[in-house]
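In what comes next, subunit A is part of two complexes: it sits with subunit B in the first one and with subunit C in the second one.
And then the complex of A and B:
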């Protein structure tokens, strides 16, 4: 039992906050590499492990915000996006028709009318060649877009007038 | 996926409007499928009327209905995969007419073409195209 004077001072003397309590400039090395558990080598929990480790941290953030189901900033079908890529064409803009959420394999389809011909492009979110996704017009009527009541807007392929209502004047 | 009996729009100024595929040249069988950048043998199904003056001039080759020509596919409705996994799909099938030496018959291209042509060796065509996606 500690003497009465020292009863409340246990936290002050604790060394849990700093590894080296007498100086804050001392940094600890990274924790040693822990090899994956034995069960992973036998295939248990393999896909879960891949979902966590395969995408880079930036892409994981992208997946958690733009492509999640409930995040307030998620992209919704009917909004107009502009995508910047490394390969040609470096920039493509279009109406978001569909989001296919499959973890690492998440992809989305943009549709635009270019020189009189409809063009659809499906982009994979975790591709390192995909540099930036920017929302030009939101799907709700408040920020200048139309509201939709579907998750997949494939009906836009057959109605050019609705297409122009969504994406009038959007160029790459 | 262009094969026998597939119709394509012609987007150059050679005079043809609609062509029908008869044979896909890369395949050694008759029931092969062609995609963007493949050369096909085609029959001109409909063409713009050729006036007598235009027929006499040697500047541009004007094709007539019923001609058998070669063409290169520049747009397909079937999605084509890019090396980084992207898929691209157009609303129609389109082609540009060629002669037997893989040179264009027309002088201008009107419309968007697929960038996959560059990978298949049609750099000259791409350089004339107004828009490449």
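And then the complex of A and C:
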């Protein structure tokens, strides 16, 4: 049996692989790189590697900018966002209440008052249905926004006056 | 107990009456995936750590029936920490010393040459598997957590017995507590089988198997993965006996690597294979 490092170089190139014969309902995405580092075979750093490489390159860029901890363009709670989706409702706008950073499973919650009823929606950043995220009002005092001193703004659920201050006149 | 010897090396074909070997993997963690319809589902990542065949077992029971099994070992360990007896066993098989050695019952046609390295290609995306591992240990637990007892009232006169079991039996008859009475005790760290999990993705480069749903045990625990008894073996046999060829294997799955998916086989096919959704329609489009 060839040692593992040698096995990688002895592989056929991807164009020479045979068609997979055991199932008809499959896809074959490309691997991130030809020969992964040795530590991944022992599981060291495997989950971090998967969180970084499973999203598509566009989604990876989205996660690295809008959902990072330090990027200047990151979305911050208290800002008002509009999200465009493939499925109904095709567009939803609201105050960003929370960002849940979990790598590939990163999600965020928007809240808005729609026809007198409070509505919250949780969007997963890596979902193929998520088309676009746009910032309508900033989290700071500029552009008609408000600044906050919390990471999670769940107190807005019990405070219609503050909700109005954040998101008055914001419609899908 | 005698070891079966393999004579021929011609390619063997899977039949609905065959039982293949299983694999030993490590549970690495959980992550989320999105299918082609855009539905998010949780998956557990299982990684093979140099899973190799160490023996083929064949024994005859007293009534003349045969028991066949494939012994598989995984997770290399240093020679220094391996006993001399086990070192001899691994030397005979021609494999490095391993941490875990387990046996999987198979049919007589599913034996594998000793020393073969098994790969994630053994399982087909879209098939069902049973995953067996030791559950997370919970320590000494009371009856409410261990057996889902209701406990007693929080107030209205109950004295210091809110989470207790209450009565443990009848009166003079039988005048004792039945053996097996559910009581407080050590909970968890027992062998648990989670059945009928779908294999959604395999990565032969890193030897990863992504199964949909939860798997018992902590991260990095050793787990056994085998073809599902209920949704693969039983249904397949019943459908084959009735002649329903389409229902022998799950939707989309056309064949299974037999007798096993080896590391050599993994080099022939694409490194990452992901199953498409088994749904026919998208759940995001409302039905008429």
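The rule we apply is simple: the second predicted complex is superposed on the first by the 129 of 172 C-alpha atoms of A that agree within 3 Å, B and C clash if a C-alpha of one lies under 4 Å from a C-alpha of the other, contacts with A are read in each partner's own complex, and residues count from 1 in each chain.
To be clear about the criterion, a residue touches a chain if its C-beta (ideal position, glycine included) is under 8 Å from a C-beta of that chain, and two chains touch if they have at least 3 such contacts.
These numbers come from a predicted model, not from an experiment.
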Subunit A residues touched by each partner, larger count belonging to subunit B or subunit C: C
Which superposed partner A:89 touches (first subunit B, second subunit C, both, neither): first
First (subunit B), second (subunit C), both or neither touched by A:122: first
Partner chain(s) touched by A:31 [first = subunit B, second = subunit C, both, neither]: second
Partner chain(s) touched by A:165 [first = subunit B, second = subunit C, both, neither]: neither
Partner chain in contact with A:47 - subunit B first, subunit C second, else both or neither: second
Partner chain in contact with A:21 - subunit B first, subunit C second, else both or neither: second
Contacts of A:104 with subunit B and subunit C, given as first, second, both or neither: second
First (subunit B), second (subunit C), both or neither touched by A:64: neither
Partner chain(s) touched by A:151 [first = subunit B, second = subunit C, both, neither]: neither
Common ground on subunit A, meaning residues reached by subunit C in one complex and by subunit B in the other: 86-88, 124, 127-129
Subunit B partner contacts - residues on subunit A that touch it in the complex: 85-89, 92, 114-124, 127-129, 157
Residue numbers on subunit B that touch subunit A, as the complex places them: 75, 79, 82-92, 94, 110-112, 115, 118, 130-133
In the complex with subunit C, residue positions of subunit A that touch it: 1, 7-8, 10-12, 14, 17-31, 36, 40-43, 46-47, 50-51, 54, 86-88, 103-105, 124, 126-129
Residue ranges of subunit C touching subunit A (in the complex, touch as defined): 26, 28-29, 31-34, 36, 38, 40, 45, 47, 49, 115, 117, 124-126, 203, 205-208, 220, 251-257, 263, 267-276, 278, 284-286
